[in-house]
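Pasting the structures in now, so scroll down.
You will see two complexes here that share chain A, one where it goes with chain B and one where it goes with chain C.
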Partner chain A sequence: MAQDLLNALTLGSLYLLFALGMSLAWGTIGILNFAHGSIFVFAAFTAHLLVQEVALPMPAMLAVGAAVGAVLSLLVQVLAFEPIQRRATDHRKAEMQILVGGIGIAIIPLAVAQRLTGSVPFGYSAGTFRVSTWDLGFVRLSNVQLVTLVAALGLAAVIGWWLRAARPGLALRAIGVDAEVASMMGVDRRRLALLTMAVAGGLAGLAGVLLTYYLGSIAPETGDAFLLKAFAAIILGGVGSIAGVVIGAMVLAGIETLVLVTTSGTWAPAIAFGVIFLMLLVRPNGLLGRQEVRRT
Partner chain B sequence: MNAWWVSHLVLVQSTFISLLLALSIQVPLRAGVFSFAGVGSYAIGAYTAAILTIRAQLAPVLAIGAGVVLAAVVGYLLALLVARLSGLYLGMATISFALFLGVLATNGGELTGGATGLFGAISTLTTTHVVAISVVVVLLLAASERGAYGRRVDAVREDPHLAVSLGIDVTRVRRRVFVVSGALGACAGGMNALLRTTVSPETVGFHLVVTALTMIIVGGALSWAGAAIGAVIFTWLPSVLQVVGDWQLVVYGVLVAAAAVWVPGGLLGLAQDGWRRLRASRRRVPPEGAAAPAAPVAADAEQQLAALGGPAAEVRS
Partner chain C sequence: MVSELQSGRRRVGHGAGALVLVLGVAACSSPGSGSSGGSASGGGGEGGGGLPDTVKVMSVNGLTGPVSFAGTNAQKGVDLAIEQIEADGLLGDTTVEVDYRDSAASPQEAASFASQAIADPSYAAILGPSASASSTAVSPIVDQAGMPTVYVQSGSEGVVIGDYTFRLTPPAASYFDIAGDYAEEQGVTSAAVLFNSGNPTLVQLGEDVVPQLADEHGFEVVSTGGVEATQQDFTTPASQIAGADPDAAFLMVQGPQYPVAITQLRQAGYQGELIGMSAAGAGNLASAGQEAAGFVWPTNFTPDQDDEGTRAFVEAYRAKYDGETPNNYAAEAYDAMWFLARGMAEADSADRAAIQQGLAAVAEEGFDGAQGEITFEGNDARVPGVLVRWDGSAEVPVEAGS
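Now for the complex of A and B:
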């Protein structure tokens, strides 16, 4: 039981790292990045390619993953989303174009990774890091789990604090409330958008590398599944709310673990879809959301 | 011709099935409804047709017809459920609906054949039937894009509030596109299941959403012709692009991303813009004689509307 809880918390932390950046970008600069899953996988994959050449320790791998994720995310923002937002006539159209563009861009890194691996799962066995487990009596905690938990909860706390207390955080929240007025008040929207996307990509890359360490190996297709799960976590907690996405990720992971433990597990993938659908019908603002869902 | 037809039969079939699937997303998009429920209907149609053919040996027209009716009903109920949502939220709710059906099929036990799916749905459905059905569907849709009804749908897409104030029943138009989208998706799914004699959960996953969207975005989302252009391009591109071989998917991604960023109207929008410009440049020559002013004035009015982004700017073919 305690072991299941710990596993659920670890899974929740991985969802959290992935969903945090997505939620931040969506809640503030209004970008729902569908290439996020692809960035996540490609960052993990680049770290894999690198570790085949040089036997790197875990901190270096995490840094590589975060850096690759941030760079890819920035590229997507500069090459695709910025031109779309510049040219679109109205907000609704821009939103759809960003979604579609994201789906299109997502194909590219995924296809490259699938081509190079032949869709065979890849891992970091060439690195210097080895998984070890501590037996605490009631649970067995692995070093990967510890790093994941600390990284996810720590980064969520830092970002939550930054949004609430720091001046750029205030500016970013202002963009989320009203982008036009925010830029009239002297907020540099472009710079903050780039910063947000870089942070989001970096978190995705970090999640990718940690997931690969946690599971031993991942397939390139993992990104799609994570994308929909992150979406479920964000909707559950409320778009743009950091506490919401923490709760959403943990609750989703908790339900999934419960279903995996008590049944044969074939229903587990349906939980995220069910959560998305039910939440959108019953409470589209999420548990902690403040933004009104636009209706017509 | 005959030898070519036989050797390219599978490609011809999948062109028309892709066209119907793409249309099941394009019809809602044309009315400004961002719904992927058509992909879920594809699964409903495929499984219904396969089950009825294998278990009850029903004729293909009945097996596919049952799927179409079922998916249309489900589409209507879904429209009632998600009536409050719009934009991205609607898109995600319908994506989860479609993907949930895939999990449902995996867990359907004996009825749906579980993760391996169903095999041996052998029927008398031929390519000629598929082509005939597609042509009928396209003619009906083309008719619905013209005249007063077409303009009403344009108004619902461009400005739902304005449409309501003009006395257009926006809710009814939205429900209708859900039903039509369900029927089209189920038709595509049913015909594909019977032609390939098999259906499995893997054939109805997220990749269908990507495929359908790819075709519409590159072809053009505002008319059936855009979906047709997209279906032809993406079904035949692999046989032309053999040089690129394994990098084919990368090329797809680049095409979709480029279309989404630079050409939101798709290839069709591009062609129509070019045509309009060509016509405009011809008309700019000052005509001689007294009767001339009448026509250019009308054309100008249309162009001014187009410049303002009004309904006349939108694709109609």
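Now for the complex of A and C:
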């Protein structure tokens, strides 16, 4: 039971790590970036290429992943999303074009990674970090599992605090309330949008590297699978709410784990998404959506 | 307040729309006795009328996208086969021209290319896709139109459906008994099964083949669990298997899932035998390294198997591709191209109906190829199979009794 709970928390942390950056950009500057999965994979893949040449420790690998993710995300914003926003005749069209643009852009780094790896999984066995497992009697816990849990919940707490207490975070929330009024109040929307995309991309890169450590290896297509789960977690928790994403990710992982433990497992995604569907019938804005809509 | 709530709902609505769009894209990229009505020919006349100077074949495979690893390796195998066929003089002065089309694992694209080949009389045959989903979309079209089509991989039902459809990759179930022999040799009395519930071949192995092996080789299946098609984290199933602690665990998952599943099973404390299937090959275990050492699986091809045809193929492949060692995808496609050429030689014609007859005749006889001694059940290939073990850095054949 304790092991199942820990497994569910770990799975939820994996979903959360992936979803945090996506949720941040979507909930503040209104960009639902479907290239997030590609950025996640390509940052992890770049770190893999680097560790093949130099045996780096985990902190250095995380820094590489975050840096690559931030740069890629900024490029996507500057080269694709900003031009779309400038040319779109209204906000709704811009949102839809960004969605489609994100899906299109995602194919490029994915194709590069697929080409270079031959779609074979890659990992960081050439690095200095080694997984060790502690048997605590009632539960088995690995060092990478601990890092994943701490990183996911710690990052969620930091981002939540940043949005509520730091000046840039407050300015971002102001954009979420009314972008025009926020601009008139002196908020530099472009600068904050770039900052948000950089942070979101950095989180994607960080998640990519951490997940590769945790899973041992990932394939270029791994981002697609996480994209769907992250999307579900954000919708379930409520768009724009960091606490909502945490709850959404943990609920999704909890249901999946429960189904895996109590049944033959083949129905896990169907039951998990079925429960989410039922929840959304009752609360269309997600579990914490109401408060967030009031706030923004 | 109302407008704010509507705004929130609209955002969720947009997201839901986007999800549908993404699912659509994902669906497009996810995996794998007709009449002889096709009267078009590749330039030859009726059967036995002699081969033209050039015979055109269309290869429809995923050269990009999620199954590009299969498509690109298959292309290398076909190229090598053509080079050898021409050097061998099997088709006299006739040259084989292969037109490679990239279906990117999309069934719609694959079906569209197949239709183009059927409509163009210059194409004599098709080398079919690797992904079952694409192949099952192509088969009804080619069989109805009388276009000889030779597949590799494509392990699901609905691929070999009539006289015009052939498959050179034997179903894993046909040689999986060697895994049962191995389990018995190791004294396995209990086993757990974990399978990917999104792949028909893996479901069949997990739900039918392994339990049947258990009956025949005297062990008991103590747990059977499924994971979703794109499962990334195996922590929970690994903990369950480690908790049950059977003598062996049969993992029937997709290639990229193997290193994760094995690593997490070992981290969960499981020390028993780990047995998989052929998808574990082709370099998929490299990222697991020593963590996967000792993992065994039955396969239709391994570069070091003790067979003359295999040795000749591997040597030629390494010579052509700068020392690169071939994988099963290259070997299967190589055999498929040789099979097609033998069928053409037998027919002595590029007429589609004649080639089908030629292929049927070759299938009746069987031949030695890169996969070893190939025989056929109907239009479906069979090989003895070989058990291989991951030694931490490479796959090596398992000697009987070791």
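In the analysis below, the second predicted complex is superposed on the first by the 275 of 296 C-alpha atoms of A that agree within 3 Å, B and C clash if a C-alpha of one lies under 4 Å from a C-alpha of the other, contacts with A are read in each partner's own complex, and residues count from 1 in each chain.
Convention: a contact is a pair of C-beta atoms (placed from the backbone, for glycine too) under 8 Å apart; a residue touches a chain by one contact, two chains touch by 3 or more.
Since this is a predicted model, take the numbers as computed values, not measurements.
Once chain A of one complex is fitted onto chain A of the other, the partner contacts of A:T266 extend to both chain B and chain C. Legend: residue contacts after superposition of the two complexes on their common chain; A:L74 is shown touching neither chain B nor chain C.
Contact with neither chain B nor chain C is seen for A:L170 once the two complexes are overlaid on the shared chain. Look at A:M96: by the touch rule set out above, it reaches both chain B and chain C. In the superposition on chain A, no contact is made by A:L194 with either chain B or chain C. Chain A has more of its residues touched by C than by the other of chain B and chain C.
Applying the stated contact rule after C-alpha superposition, one finds that A:L153 touches neither chain B nor chain C.
Once chain A of one complex is fitted onto chain A of the other, the partner contacts of A:V131 are limited to chain C, with no touch recorded for chain B.
In the superposed model, A:D4 makes contact with chain C only, not with chain B. Touch criterion met: A:R115 reaches chain B and chain C at once. According to the touch criterion, the shared surface of chain A, contacted by chain B in one complex and chain C in the other, consists of residues 32, 92, 95-96, 99-100, 103, 111, 114-115, 224, 228, 231, 235, 266, 269, 280, 284, 293-294, 296. Taken in their complex, chain A has these residues touching chain C: 3-4, 7-8, 10-11, 14, 26, 30, 32, 34, 92, 95-96, 99-100, 103, 111, 114-115, 118-123, 125, 131, 133, 135, 140, 142, 145, 211, 214-219, 221-222, 224-228, 231, 234-235, 239, 257, 260-261, 264-266, 268-269, 280, 284-286, 289, 292-294, 296. Interface residues of chain C, counted against chain A in their complex, comprise 1, 4-5, 7-12, 14-19, 21-23, 25-26, 64-69, 72-73, 197, 224-228, 230-233, 235-237, 239-240, 243, 255-256, 259-260, 263-264, 267-269, 282-284, 286-289, 291. Residues of chain A touching chain B in their complex: 32, 79-80, 83-84, 87-89, 92-93, 95-97, 99-101, 103-108, 110-112, 114-115, 224, 228, 231-232, 235, 266-267, 269-270, 272-274, 276-277, 280-281, 284, 293-296.
Residues 34, 81-82, 84-89, 91-93, 95-97, 99-100, 103-104, 106-107, 115, 160-161, 170, 206, 209-210, 213-214, 217, 246-247, 249-250, 252-262, 264, 309 of chain B are the ones touching chain A in the complex.
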